[in-house]
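Below, subunit A partners subunit B and then partners subunit C, in two separate complexes.
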Partner chain A sequence: MIEIAVHKKLIGSSGPMKLDLALKLAEKSFVALAGESGSGKTTLLRILAGLEKAEGKINVSGKAWLERGKSLPPQEREIGYVFQDYALFDNMTVEKNLLFVRKDRALAKHLLELTELSKMKGRYPATLSGGQKQRVALCRALMNHPKILLMDEPLSALDPSMRTRLQQDILKLHKEFGTTTLMVSHDPSEIYRLADRVILLDHGTIKQDGSPKEVLLKVKGSQKFSLTGELLEIIKADVIHIAIIAIGQQIVEVVLDEEESRLFKAGDTVQVSTKAFAPTISLTGSTSHL
Partner chain B sequence: MGWSSLDFGPFILSFKLAGITTAILFIVALPVAWWLSQTKARHKPVVEAIVSLPIVLPPSVLGFYILFALSQNSPVGAFFEEQFGIKLVFNFTGLVVASCFYSFPFMVQPLQSGFENLNPHMLEASYLAGKSRLKTLLNVALPNIKPALLSGLIITFAHTVGEFGVVLMVGGSIPGETKVASVAIYEMVEVMDYGSAHIYSAIMLLLSFSVLLGVYIFNRQYKKHLGWRDD
Partner chain C sequence: MNRIPATITDIKAHDGITVISFAAMGQPMRMMALEIDSTLEVGSQVLLGVKASNIALAKNPVGPMSISNRLDAAIEHISNGKLLSSVKFRLGDTLIESIITLDSSHRMNLQRGDSIVALIKSSELSILEKL
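Let's look at the complex of A and B:
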């Protein structure tokens, strides 16, 4: 069990802010940390890693990391940390990056095999793609059998197909090692796929804490099927109006009548929902996994 | 005046002085540059200003203060003379001490900016891997600033070879002891021995150019080695 109760004064983008958080993380859980930028997600990760000072208590399986002003240095915390910008050691090959953390050749070999990087072990980071670099960073973070794996938006710099690949790797490694994981993410599909719990932060405090289903599915009322999107444009076609709406990466059309068309304008955030019909899904392609 | 009668003593002395100064400064400047690059201390600008003073001070002013501080009449000079029997002015030891002050910023600044340009997350990743500050400095920070390190070494060396005012103030011009190439050229011009002055100056020019060319070629190769695109 990891018990955290920390507070710290921060200067956020919208002026001074107080970070005040109390939470417990179960062993082997995978927790996603969501919230707008400036809500304190990265700061919480850095406090846990010992890279930033804070007041309060952090207790990890009976060992005090932070207590009454005494802070265990990052070197002694046994943390795995994956940065958004990879932060690999540029002067070392892929394999050396892992071995620098701990001289455990068997573990390094195993990790590189799991992430299909064995062929790259002699390459330098500058010659790798973003996705490959982040896989190396993920392996490196697990080299010291960390008590907690902290990931700060690990996939946000990658393109969508690479992201899916990395999500599979993260899931694979989580199943294999069972490392308690705290990951900052903005991507609902990523959170849904990986996490078993989501904590939503707002201005330094916990706004919501629950399963991905509870936190992410925003359906209210009696709709059976509902999506949130941005209204891009309303086009008049004969007697009807067509609303062009962006939902995620998709653009859809919804027919409106004269009266409805006057209620909305371009730029509005709208909910597209239906009650009467059950939506159906069919297979268009598969990215197969695990 | 021909090649055969040319005395290469001043050149050898210049390079010996520059080599020793560079080696000493690398060891002294490394922790200073590392500290300056990592610290958030409030008095950092004060330290930076002191480190950079030799760049803006006229060499004669710097030389005068060093001469004053190291002479037998000062506490420092008296201490070294009494305790170790070492004289610090008008000899080679004095030149080394003076050169270290004079070239200090030329070693600190490239190293500091090299360290400052490193991704701070990379250093944090090393700390989180359980590595101490010293191990991080030697195994992660230093190997990743090779071009800056080489610049620091070469510029310090070249700057010390090219030193004139401070050397003249602290060392005088004792053949084989403190008469370095730049001072020798000055004296040749003074006695209107333009032939020798030309040869000496041409050698200095050629050596300096070769050294700098070597540095830039190395930096290019190094970037290619790391897989950076050269654009």
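Let's look at the complex of A and C:
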């Protein structure tokens, strides 16, 4: 069990803010940290890593990392940290990057095999793709058998196909090593695939804490299909009204009745909701304009 | 979206699927749903939602029918467009709108004051909020 109860005064983007968090992480769990930028996600990771001071308590499997003002130095905390920008040693080969953390050739070999990087062990980071670099960073973070693996938006710099590949690697390594993981992520599909729990932070406090489905599923009453969009225009047609709404990169149309047409106006941010029974799905590329 | 106040009279749940029964102005209604909010229980007052275009109208329907929601009402207002027809009927204090084709409206010879049965499939009914 990892017990965290920390507080700290921060200067956020919208003025002073108090970080005040109390949470317990079960061993071997995979927890996603979500929330808007400035909500305290990265600060929590840095406090756990010992890179930032805070008041309170951190206890990891019975060992105090922070207690009564006494803070275990970062190098004595058994932490693996994966950053968005890889942070590899450019002057070392892939294998040396791993061995720098711990001279355990068998473990390095095993990790590189699991992530299919064995052939690249003699290469330098500059010759690798972003996805390959991040896989190396992931392996390196696991070299000293960390008690907690901290990942700060590890996949946000990668393109979608590479992201999916990395998600599989992260899952594979989590199954193999069972490392308790705390990952900052904004991507709902990534959180759903990887995490067994999501903690949503808001201005330094926990706003929601539950399973990915509980926290991520946007519902409006009993309507399980709910998306946020911007109302662009309402067009009157016959005895009905048609709302043109932008959702993400797409434009959709929704039929409104007369009362609704009076209730909303162009520029409004709206929830577009329907029951889970109504939408149909098909493979993309087969879009037709019937 | 039509909004119909109702009281929950029964909740059946199995395997993540829920069927909820309601009383709305004395008339029984039923809804098919996935998991529902855990605060909903028998006796809860809710606002049901149904889109005007998801309400069919019938006069003297005969024979068994799978549609769970059959509301007896009288037409209060008809507004015809070129192709569509907006038919409003009252359920207690609530005025409900149905959008049907003008052809159907003509075929059924719908007139103000006519008794009709409004038909709503249970999958097209939703709970908008708990009151």
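In the analysis below, the second predicted complex is superposed on the first by the 223 of 290 C-alpha atoms of A that agree within 3 Å, B and C clash if a C-alpha of one lies under 4 Å from a C-alpha of the other, contacts with A are read in each partner's own complex, and residues count from 1 in each chain.
One rule holds in what follows: a contact is a pair of C-beta atoms (placed from the backbone, for glycine too) under 8 Å apart; a residue touches a chain by one contact, two chains touch by 3 or more.
Just so it is clear, the model here is predicted, and its values are computed rather than measured.
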| item | value |
| --- | --- |
| Contacts of A:25 with subunit B and subunit C, given as first, second, both or neither | neither |
| Contacts of A:240 with subunit B and subunit C, given as first, second, both or neither | second |
| Touching partner for A:85 - first (subunit B), second (subunit C), both, neither | first |
| First (subunit B), second (subunit C), both or neither touched by A:136 | neither |
| Touched partner set for A:275, first subunit B, second subunit C, both or neither | second |
| Touched partner set for A:260, first subunit B, second subunit C, both or neither | second |
| Touched partner set for A:124, first subunit B, second subunit C, both or neither | first |
| Comparison of subunit B and subunit C by subunit A residues contacted | B |
| Subunit A residues contacted in one complex by subunit B, in the other by subunit C | none |
| Subunit C - residues contacting subunit A, complex | 1-2, 31-34, 36-37, 49, 51-53, 79-86, 97, 99, 123-124, 126-129 |
| Contact set on subunit A toward subunit B in their complex | 49, 51, 73-81, 83, 85, 87-91, 100-102, 124, 126-127, 140, 143-144 |
| For the subunit B and subunit A complex, residues of the former touching the latter | 119, 121-122, 124-132, 139-140, 143-144, 225-228 |
| Residues of subunit A defined as touching subunit C within the complex | 220-224, 238-240, 255, 257-258, 260, 274-278 |
